[in-house]
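Order as written gives the chain letters A, B, C and D; numbering starts at 1 within each chain.
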Amino acid sequence: MNMVYKKEVIFDEEANSGITLYLNDLCAENELRKKPFILVIPGGGYSYCSDREAEPIALSYVVQGFHAGVLRYHVGKYRDFEKSLQDGKKALDVIEQIDEKFNVSHDKIAIIGFSAGGHLAAAMCTLLKKKPTLCILGYPAILSSFAEVMKISAPSLDQCVSKDTPPTFLFSTFEDNVVPIENSLYYLKALEENDIPFESHIYQKGLHGLSLANSLTGDNPKMIDSRFSHWLNLSCEWMNLNWSHKATTNSCKKSMIESCVQEIISDDRRRQKVLELFPKIQNKSYYKIVRKYTLQQLHHFAPEEFTNDKIKRLTALIQGKNEIG
Amino acid sequence: MNMVYKKEVIFDEEANSGITLYLNDLCAENELRKKPFILVIPGGGYSYCSDREAEPIALSYVVQGFHAGVLRYHVGKYRDFEKSLQDGKKALDVIEQIDEKFNVSHDKIAIIGFSAGGHLAAAMCTLLKKKPTLCILGYPAILSSFAEVMKISAPSLDQCVSKDTPPTFLFSTFEDNVVPIENSLYYLKALEENDIPFESHIYQKGLHGLSLANSLTGDNPKMIDSRFSHWLNLSCEWMNLNWSHKATTNSCKKSMIESCVQEIISDDRRRQKVLELFPKIQNKSYYKIVRKYTLQQLHHFAPEEFTNDKIKRLTALIQGKNEIG
Amino acid sequence: MNMVYKKEVIFDEEANSGITLYLNDLCAENELRKKPFILVIPGGGYSYCSDREAEPIALSYVVQGFHAGVLRYHVGKYRDFEKSLQDGKKALDVIEQIDEKFNVSHDKIAIIGFSAGGHLAAAMCTLLKKKPTLCILGYPAILSSFAEVMKISAPSLDQCVSKDTPPTFLFSTFEDNVVPIENSLYYLKALEENDIPFESHIYQKGLHGLSLANSLTGDNPKMIDSRFSHWLNLSCEWMNLNWSHKATTNSCKKSMIESCVQEIISDDRRRQKVLELFPKIQNKSYYKIVRKYTLQQLHHFAPEEFTNDKIKRLTALIQGKNEIG
Amino acid sequence: MNMVYKKEVIFDEEANSGITLYLNDLCAENELRKKPFILVIPGGGYSYCSDREAEPIALSYVVQGFHAGVLRYHVGKYRDFEKSLQDGKKALDVIEQIDEKFNVSHDKIAIIGFSAGGHLAAAMCTLLKKKPTLCILGYPAILSSFAEVMKISAPSLDQCVSKDTPPTFLFSTFEDNVVPIENSLYYLKALEENDIPFESHIYQKGLHGLSLANSLTGDNPKMIDSRFSHWLNLSCEWMNLNWSHKATTNSCKKSMIESCVQEIISDDRRRQKVLELFPKIQNKSYYKIVRKYTLQQLHHFAPEEFTNDKIKRLTALIQGKNEIG
């Protein structure tokens, strides 16, 4: 006890796929305190798994109080996107079954992928049924145009984002000389359209593949960047913010007058009536502006559009079904 | 000397538009050292100019070694987007004519705008002929959908970005409850498409209008956020990085074999021939991946596409015009 | 309103002594929110008042939410330690009488002095009857050996520290090439001996007179030091910690068994009896180790010294006066 | 390769003393790049070795690019200060003999000790003949008064500091509830008197035994402190500053006129003459002020003391031995 246990789990001996676990039993004063888990997915263009994005990342999270694992997936002559994706799935299964004595917080399973590993991480968060709780993407490949370059067959992953995609933290550089920054931007846009919470730090300077951007992962001065290296702490802060987030489910029924537009139109019948009276809401950008306000608030902001008369008519139309739910 | 001089310049007395200058003569050991200038443009939905995004911002940059100015533009009953834009232009004129004794670095003029002020800043960087050197946007309004809400007539500014738009630093929050985050994302995409360098920090948490997010600009705990407040130092670092950037103009002529794809196709005649031989380059995303490499490098990466044969044919076709320029 | 008001108060026109006030009316959402005040005392060996340790420091605290003032005291041909000290006293009087509308927190008056200004600040905190609430000393002169070099007549200020000296934050550098670092160490030892809370950051590297150690106060690369420059934020955090400190006065009477050694011996009669039974407590270093524990706790730690028998005898001796107070 | 190798070396099986090595082969792009080594010495009052100050510390330095080791020394029923000190010596011997393939920088061997481990670290840096290159002390016990409490027989280590003691980084808290802060202050004073470079961060708040003060070493909110936790990065920066320090040995002979006072009086014969002419230099505090200046510089600063006449007389007296060395 009071140490980090390193364990290997092999998925496919020939292809050298599997997961290396770093089970963290450090300094748990309270024997029962559970620690979150982070799965590290190195890059390497699906040609290899980069050591610079493997154990250094895992240990960097271990000293921040995480259990960690490093995924080795099908690459090189075993290159096969579907098999790589299955490696990701198997890793999640392994994590689920870690011995109870290691006190893994099973509601706090994050994954972090770099470059091609970011591609695989995004694929796991969009294409797999079982998904991690949070996703971190470092200078990820996203688009099919880049999948082609990596010689794998995969869709543009931004088009696979859905309401089930986990909250995402994305970091990369504008000057990335390998994966064009549009890969990051398309993915952020897809998260936004699906209302998936995200945080994103795109630094202007920096080559592709910076990893930690400190002396642990690079001797070359071009691969050391003290600004970029903040992503590690930022990602830890971000995970804690999401995990400490108080549940804000409103289980109580609210009258329509207390409900915001988004809540009102979640009911299809009401949606139609709202759109009839306030046709501007059909405009997606306009809808995003107004959706979080109640009709009364909107009357205050834009009285000529959200007239008292229209609000009364809407209320009357929906009469008898005043309560949401 | 050795102090900050505060001066008012009035553009339109009735509309209360003008600029407040904070000329920074602090501690210039070397009398000749020039300081950069930053123009602060407060938000307020074109209804008013928010004090929370005015003097506190200017002084925060003054203590980082900047001259600063705060713009007051046409708002409220004088609301008129064209006149506000002209206020911005006049401010740049005033800055250009500051007395030499204050040692303004006239090649280092940045502007920073918040919310509606970010809208005006982005407009200055896209619609004005005379532009600042660098642009900083804090939770900016960009789209015409939001211009409409602010009751001004303005195009979606992302559609106005061009090769002349200055490098941009953008910060905002995913949870912005007033200006939808898509405003930020559309602007970043436009910068990317025009190859304008940018840096962007989008935090997940945080209401609209955080300003400095410290005790200087907010008593309400909801308006204080130590993570978000890093944007100030990040923006200073970013400006310094851009201003210390060594000039990298390649004035010497390069043979085609030494030129990257982007350079080769900058000539229209050659562009056509390149596209004939390598039609995949017509795909915009594919082009972004290959553009910074030479044909020889691409032959190394993707020999089946960039065959030696095709490269030779291209060279022959362009025969007699080997030199770029 | 919503700006910083700069006002001059003159003490002695001929000697050019006085205080420049920076009254901070920025962004007080809640009109009634009070701001702390910090008085800045520049150095200059009592020969002059350094501009590099004046307005740049004041404004740096203003943007952290403080009211500020800069003291100009008797220096150069008006050099006279007693008169300088009176300048300090007058400054505290002026601060006390600032118009109520500026919402000064009169229980939160800090002073910060640099080098010779640190000497004057330490003198104000030890020799004046009216003292500030908190004291910050930057590479201060303390000893009479250095007073002599500055051609003033002043005692070694570490010998003037008393129970009334305010909590102190001290920063300096080991490599200081003007004021030997022993000046800092003697003052810290005096604070410790008087049980005055302090925080101290002594950096190894750095010349004398670094001030903010950023580009605002130095062009010379030797005067810029990103590590040293952290003192500013550290000092703000430290002031907030001291000011938000919950009052921990124990107004309730505690039985002797619940009292720690320090509390028990605060009564002279009991002190004598404690020392008789536990003579090792006469050793100052030993006393510092045990003073915060109760006799029961000490019995647990060191049963052979704090025997149950002795503890019972002490209780019996003090019989009839069990209650502290 | 590309991983951290953990190895045990046992000194005394019965007493469970020995060293655990963490040999860091992570991401050495350049196979020949050497890494510094840090030896971690946990506290525990010589009763036990605290897990909270062992592997978490070692791994935290590993991810900063260090090789690391954890020392287990004689404690509890094997408590014996001399044997503990020999354990420290053996650890340095083991480090010296680590296989060349691990690329240890043998001129960069640091040790870090906490509390009683800080006592042992300070003892190694003062009492052993073979010493580490740099020393880091966390809330250390120093004085014999505390040695007595820990039931070991050891001198006050501040009294053992000499010219051979390595540069030292010391961090602790004023409010330490176990080891009185005077322990730190006496050690700093001893370093100063011996002109040993040091850096020191004494935070006001914080209980004894904070270790990393993050979630890795404490569940209890009282043991988490984001300000205190900066010591880790500060210590890494400090080690790098000391190790990158350019050699400044002046091998060339300098004329007396170019030499500073400290250099002049390093010769005993000259020392006597200097003290005759400038008796104030006998005062230790005065000497510390002037020692780094040449006589000409001192003439400029204090012409009435360092008169041209006296300087000429000194030069004449030393006539025939003008050159230093």
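As a convention for this text, a contact is a pair of C-beta atoms (placed from the backbone, for glycine too) under 8 Å apart; a residue touches a chain by one contact, two chains touch by 3 or more.
The shown structure was predicted, so the numbers you read here are calculated from the model rather than taken from an experiment.
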- [ ] Could you name all chains that are in contact with subunit A and with subunit B at the same time?
- [x] none
Task: Mutual neighbours - chains that touch subunit C and subunit D alike - done: none
Open item on the list: Can you work out the whole-Å distance between the CA centroids of subunit A and subunit D?
Closed with: 45
Task: CA centroid of subunit B to CA centroid of subunit D, Å - done: 48
Task: Multi-partner residues of subunit C (each touching 2 or more other chains) - done: none
Task: Pairs of chains, among all present, that meet the touch criterion - done: A-B, A-D, B-C, C-D
Task: Footprint of subunit A on subunit B - complex, ascending - done: 143, 145-146, 148-149, 167, 169, 174-175, 177, 179-182, 185, 188-189, 192, 197-205, 227, 234, 237-238, 241-242, 283, 285-286, 288-289, 292, 301-302
Open item on the list: Applying the document's contact rule, which stretches of subunit A touch subunit D when the two form their complex?
Closed with: 2-4, 26-30, 33, 51-52, 54-56, 59-60, 62-65, 211, 214-220
